[in-house]
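Next come two complexes, and both contain chain A; in the first it sits with chain B, in the second with chain C.
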Partner chain A sequence: MKINRIKGIPWQHLALISLALPVQAEQALFELQIKDHLFHPSVLYVPAGEKIKLLVLNQDPSPEEFESFSLNREKVILGNGKATLFIGPLQPGRYHFFGEYNPDSAQGVLIALPEAQWQQRRADNAN
Partner chain B sequence: MRFSPSVLYAACGALMLLVSGHSLADGRVVDKVYHPYVQALERSVEYRYFYQRQADHPDNNTMGQKLGYGFSVAERAALEIYLIADRVSPEDYKLSGYELELRWMLTEQGQYSADWGLLFELERQNNQDNFEFTTGLLMEKEFGPTSLTLNALAVYEWGKTIETEWEGEFRAQYRYRLLPAVQPAIELYVGENYKGAGPSLMGVHKFDKQKQLKWEFAVIMAIDNDTVDRTLRFALEYEF
Partner chain C sequence: MLINTVLMFLRELLPLFLLLATLLVWHRNHWRRFILLFSLPAILMLTLFSSNMLWISEQLDGFGLELLYSLLYTGCFALLCVAAAKRNAAMLLSAFACACLLSINGSNLLLYIWLPTQGNTDPSALLLGMALGVGIGSSIAVLWYYLLTELKQWRMLSYRLLLSLLGVRQLMMASALLIQSDWLPAGPQLWQTEQWLPEQSELGFFLQALLGYEATPVLSQGLIYIAGLGLLLWCSRNLKNNIRSAQ
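Right after this comes the complex of A and B.
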């Protein structure tokens, strides 16, 4: 293959990309199940301010898509399949999500709690 | 499928070496800014349009249209096939070529500090036996309610009526996710004989279940003297 010349674009533009090379830290794992086109739990509490890993298990034979504009996530989970979503760090607040294949039934909300409330909730659940 | 950071470092480094130098492009530089994501079971039809205007510029009144059909071929890979029609003044509109495109999602969204994908495109120009192969990295990084998307592409052209050459292209989009239907952005394009930037607006409207229409509109203005003054870009994508 003959290459007569190489042309390109300024280094400055590509340098932007190098600022975002992969870095990964350990994340807390949360689980969400889909059964009969419903999310279980339909209200999920997570800590604000840290990235979390959300394992979504689809127990229905048909596919479902986890979708949330406020979380900026969409992910298809095949029938009887599973998928992992990486979410956050989130500001404290409520984040609505739904199943795009069954939006009338598959609805849920993820609630990101500030540090103090999250620790209180963990302590309450431990007792 | 997992990718170690070293693989991505190497790919990024190789691409930077490939496209480093000074830019000059004869293809369409203003086009879609690609996101590095693929959804399993996705299917779509897509229409893209661009129009360039500057009275005393050789690219004045140039129009291009692309009609595509895309579908996922794996959980992280999607193919799209396009028909391309161009009008280069003073000639009339004509079907100018075909294109096959493969998008490959390398990392899960949010898994690392940025999300990564790869793009491969092969275009054949009708009746001229000219070809263009494009490949490159797609990157997106989330900053709260905004997203920065970067495409660094290397283009290899060869054929009977064009000079065999490598070119580099860079596209950037900084988008504010205001509402699903209304997301303002700014876009930047750098390529052969083209350096432009301008505002854009995009959004998505859901119809029923997984049926939705995505739209994009941008007005890109020249930021140097070689570039045609104004380029208008418009795209519609129906997913089902």
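Right after this comes the complex of A and C.
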């Protein structure tokens, strides 16, 4: 059996350990707020092809659950609390999300832009 | 409010009801003992988690709740594996597996019911929604129970497979929570079936509760699913004898 050892540890074990450890890379941070059971902004632009960190701030006294089928994400955010979740890397496209406790009002869409469009958008916002 | 409550209850309770019905088919001759063994730790864990929800959610950089839930989902899967392999403690272990699942889904429901948001809503709509959600969920579970009773009698392999799928579904849920907390690398997306079978459709909803259906799974989830399914099928290879001896 082929064993590529680092200090006596078989590579299979290293692979398992690497799966179990948190990933340390830095991700771009995006912020989303919940107020009066509405998401602000309701349309959030992010770059496609890279993992992002999404900070959700709940300014309502009641809890909310961030839910998205297309993003495979669900996260409970307690009243006046905040929560972080990691998303992507995403294909360019639209990803719908909603608040599961108030789905009639708390609706939003995350739009993943291709590199060129994302850079263009950043340049437009900077001007 | 009414429809939202029905959907919320159904979504949280259906996976638990399906697992309970499946395990009751296994332990049908001692079902009272099974319910007792399931209820006590479930109530204990539910009380513990619900009363410390805020503290738990603030731990580990704000990922405390996800990591606790993923631990409970993994625990549920592991308990089912051992229960299927070990004849002696099968009932106790499978009851604990159900208790793990109830503590997750029950905590989410208690949060939905009790926290201040519900103060300005119509309590009758909430109660009716709860009753409808529980009613629909338990009706599906009863049908599932009778289907499995027949299957167990004539096709033991089908029962084993369905039990394994229900077990590996818990592992799938754990992996999704670990990925969103960045504790598990996701890897590339394997496929996209959202156009054909959306997760929010009735069938997608049922398949999600039964076998952890994801419209857009990623590589690590696929690997975990295959490994988990293989492990549970292997652990349950003598399930027929175990069930026979239990009866």
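Convention: the second predicted complex is superposed on the first by the 105 of 127 C-alpha atoms of A that agree within 3 Å, B and C clash if a C-alpha of one lies under 4 Å from a C-alpha of the other, contacts with A are read in each partner's own complex, and residues count from 1 in each chain.
Note that in this section a residue touches a chain if its C-beta (ideal position, glycine included) is under 8 Å from a C-beta of that chain, and two chains touch if they have at least 3 such contacts.
Owing to the predicted nature of the structure, the values given are computational and were not obtained by experimental measurement.
Of the two partner chains, chain C is the only one that A:K82 touches; chain B does not reach it. With both structures placed on the common chain, the touch criterion links A:P61 to chain C but leaves chain B unconnected. Touched by chain B in one complex and by chain C in the other are residues 18, 20-23, 51, 63, 65, 69, 72-73, 75-76, 78, 84-87, 91, 100-103 of chain A.
Chain A contributes residues 18-23, 51, 60-63, 65, 69-70, 72-73, 75-76, 78-79, 81-87, 91, 100-104 to its touches with chain C in the complex. In the complex of the two chains, the chain A residues touching chain B come out as 2-11, 13-14, 16-18, 20-24, 51, 63, 65, 69, 72-76, 78, 84-88, 91, 100-103. The touching residues of chain B, when paired with chain A in their complex, are 3, 5, 8-9, 12, 15-16, 18-25, 39-42, 75, 107-114, 116, 137, 139, 141-142, 144, 147, 150, 152, 156, 163-170, 172, 177, 180, 190-192, 209-210. Here chain C touches chain A in the complex through residues 4, 8, 53-54, 57, 61-63, 65-66, 108, 111-112, 115-118, 176, 179-185, 189, 194, 198-200, 214-216, 218, 220, going by the rule given at the top.
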